[in-house]
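Here come two complexes built around chain A, the first alongside chain B, the second alongside chain C.
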Partner chain A sequence: MSEACKIAVERRGDVAIFWTDGYINNQGGEEIARQAYSQLDSGARALVMNLEKTRIVNSIGISILIEVLEKVMDRKGALAFCNLTPTIDKTFRIMGLAQYAAIYPTQEEALRAVAPAG
Partner chain B sequence: MHILVDKPMSRREVARPGVSELGAREISLTIPVAADMEIVATAQASALGEFIQMPRDKIDEVKLAIVEACINAFEHAHSRDDRVHLTFRVGREESGPEFLEVEVLDQGEGFEHLSVEIPSPEKTFEEGKKRGWGLQIIRSLMDSVAITSGDWGTRILMRKYK
Partner chain C sequence: MTASRLDSAGSLTAETWKTLADSLRRYADRPVVERLVEVALSWTAARRVVLFVKEREGWVAAAAAGDASGGPLSLPEPVPERSLASGGVIWLPLSSEGEIHGFLGIEGVAPGEADDLGISLGSLFGAQAGAYRFSRLVKEAEFEVKTRLLELESLYDLGLSLSGQLEISSLADEVLFRSISLTDAGKGTLVLFHEDGRILSERNLGGEFLPVAQVREWKLPEGEVVVNNAAASVPTAGMKLLSCEKCLAVAISVGGRRLGVLAVADKESRDGGVLDFTNADARLLSLFANQAGAAIETARLHREAIEKERIERELELAAAIQREILPRALPVVPGLELAAANLPTRQVGGDYYDVLSLSQGRVGFLVADVSGKGVPAALLVSTVHAAVHLQVDEASSIADLVGRIDRHLRRYAATRKFLTFFFGVLEPESGKLRYVSAGHNPAILLRRSGSIERVESTGVPLGLLPDAAWREQSLQLDPGDLLALYTDGVTEAVDEADEEFGWSRLCEAVEEGRERPVRELCDAIMGKVADFAAGMPQYDDQTLLLLRRT
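Now for the complex of A and B:
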């Protein structure tokens, strides 16, 4: 039984969109972080994480996502999550991730929110 | 032995291990302390939750609570048998709703849960304390939680109503 989280990334201008599929634990979180840092290093200003195909993010995975968020904030960038299940949304709020990162119901709304003004 | 009831058991006391409650159905599962075995345990909760037609979002909450309880056992218990023992029960209270109850038991060294620091977003973001959220998440997601711990191990008993 493999529960490895699959991650797909697409770059649209200075926005990188991540799609996750599966359980985000320490390994999944670290892989997301590795790819997120790679995107930031290559000039991405904003990250949008679409978790539509993920139903469980454990607290270790969230702690790694918080590290990604801190790095994005250090660079004055933006991080937005979308398509969260109610349980993931609730857990993000419990751990405070929702206080610092934006959460949107859909990918389109997240993309609009991180688009540069004007 | 340390006993802590984090949230009051509503209406009735929670069933003791091995004791059926109003026709409660019980399944036992033992998993090794190994990567991703917590996900194997959640599959059992899914099956039983679906059996009592619990809404999917509630089943997800139970699954995450199980994941967090197992991770705590994996990381901190130093279990003597390198295993975590789970018991799943579904039942109905006398005049109440159906429930899914999960007991997570390890034979580790136990811990003083009353002295566990309560995490907060401020500590997480301002003081860099990003770990230690497991018990808080379990308490937030389940309707009742009871923790018993001693030098024999730790038992987390948690219940979710349909």
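Now for the complex of A and C:
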């Protein structure tokens, strides 16, 4: 795992998919938040975060993800996580992220879930 | 405007309340702090409004609206206790229940309106700012509680996970990642040692800060976590760390044995700074180190058990090979009494004996001892066995046979080993014995008269020298004469005092039973060797082959 968290983003319609690679700490979280806000400001309705290449998240990273979630909820959007390690999955559930953001095993399932109804 | 907001008693008019309430409703879908600045902006027609809210670490700009081209607004210090016009900005304390929860900075309105705005916005927004602030504090408290819960769950999960984790690298990752994440460290290192001090595993995240080559010598107190919040300038446990400001380190030990070191560095803060590690962090790291120690020890014991099992399987295989090769029964040859015994040790070696019925009533017999033990030795015995049986009818003489076997071994044997080899051919009717002893122990020839002769080696062991040659010797076996062939496991059997059974005791044992049938004699000799060893573990197979001409 690389030292600094790398973020890749792809926009598909009004859904932005994020791929993280590395430690979601203060630096990683801030970078996710910066790109998430940029996507929301440019009209993204839903964010899907694929954490397949992230094996470690600290409490600061989690608090930043919660801020992103709050921002998404303020805008009546949706946030979904996918491909979490069992440890991160449990961490998100304990820390309350899973209360408002859905967690899916795969990216396909997350994308299907955030797609507009109909 | 001023007159319309307040009644004659200086309180907000009903109209003012209604207008404010309508404005708040208009921005109902916005977060609280954004709603407040938007309402204040539209209601005061100011150029810009900014809201500061009291957070745990101090006053923080929570929201702003309007024209920000004039650059960021800074809250005056010390913060005002009542409305204050300063530098073109009116600062309004937002208070409720006697406590200031926030400040609205309103830019671009007349300074004379400060009191009026203070009464109207300060009282209405004070409650909102207070509620917002307390909701933030509740959230933070909830976050703290959840973080503590996460720590407990992590300790539990780590225990479960490590108890089933036998791969050292996975185990090290699990411990290191949890240690870093739960202490909010920016980096961490886990170094594990072999018993002899060599590095077994080294895992890093966030960049190296421990000089790993020196970690073994690190003076870390056993069972204590070293908290060094000045690591950038002060050596930690006597060792200078690289590129870190603060660190937390603990030895991983089991039963006083140092298995490794777990260290994390540079606890992160939300604003990008580095915080001091706390006692709670130290306690957590210590618990992780304890769990890691137990898990690493378990993994080590498991590896040893697997290795032991592998050796056991190899020995079983070697024993099976040997069992297949040794003759199940000796041929019955008129005029000859034959008996043999083979006692494999726990470390199966490479003893081999055989008796072959040859043409014209002749009997071939051999005893061989391969250097080394285990499967390689057993495979070489197997090769020799095949070579003997393939070549015995082709060879023109015993020396030729031995030479063929030697060449066969050089060409086909998978391992570079050698063996001592005695091969004899007896004509039972005449008693003429021809033999080659390739480096084998001297055989014992017990004459009917009771005298003993040594039958010495006639050349070097097989597989040792490329151009070796073996002399073929002959001797006469008269009725009653007995030839005893053996491997060095018999003469080198040791007792408690590490004394060997030796040639003399073997000769005595052979001589003592010379009147007995060779089967009984064979058992008696092996019994004497066993009595001598008195249960001491033996390191070499014991093989004995007896022939008596009747």
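To be clear about the criterion, the second predicted complex is superposed on the first by the 116 of 118 C-alpha atoms of A that agree within 3 Å, B and C clash if a C-alpha of one lies under 4 Å from a C-alpha of the other, contacts with A are read in each partner's own complex, and residues count from 1 in each chain.
Here, a contact is a pair of C-beta atoms (placed from the backbone, for glycine too) under 8 Å apart; a residue touches a chain by one contact, two chains touch by 3 or more.
Since the structure is predicted, the reported quantities are computational estimates derived from the model, not experimental observations.
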item	value
Touched partner set for A:R55, first chain B, second chain C, both or neither	both
Partner chain in contact with A:S63 - chain B first, chain C second, else both or neither	both
First, second, both or neither for A:D74, with chain B first and chain C second	second
Chain B versus chain C as contact partner of A:T87, first or second or both or neither	both
Partner chain(s) touched by A:Q99 [first = chain B, second = chain C, both, neither]	first
Residues on chain A lying within both footprints (that of chain B and that of chain C)	1, 3, 23, 25, 27, 55-56, 58-60, 63, 66, 70, 87, 90-91, 94-96
In the complex with chain C, residue positions of chain A that touch it	1, 3, 23, 25-27, 55-60, 63, 66, 70, 74, 76, 87, 90-91, 94-96
Residues on chain C engaged by chain A in the complex (per definition of touch)	29-31, 142-143, 146-147, 149-150, 153-154, 157, 173, 177-178, 180-182, 184-187, 205-207, 268-270, 272
Complex interface listing, chain B residues touching chain A	35-36, 38-40, 42, 57, 60-61, 63-64, 67-68, 71, 119-122, 124-125, 130-131, 133-134, 136-137, 140-141
Residues on chain A engaged by chain B in the complex (per definition of touch)	1, 3, 23, 25, 27, 55-56, 58-60, 62-63, 66-67, 70, 85-87, 90-91, 94-96, 99-100
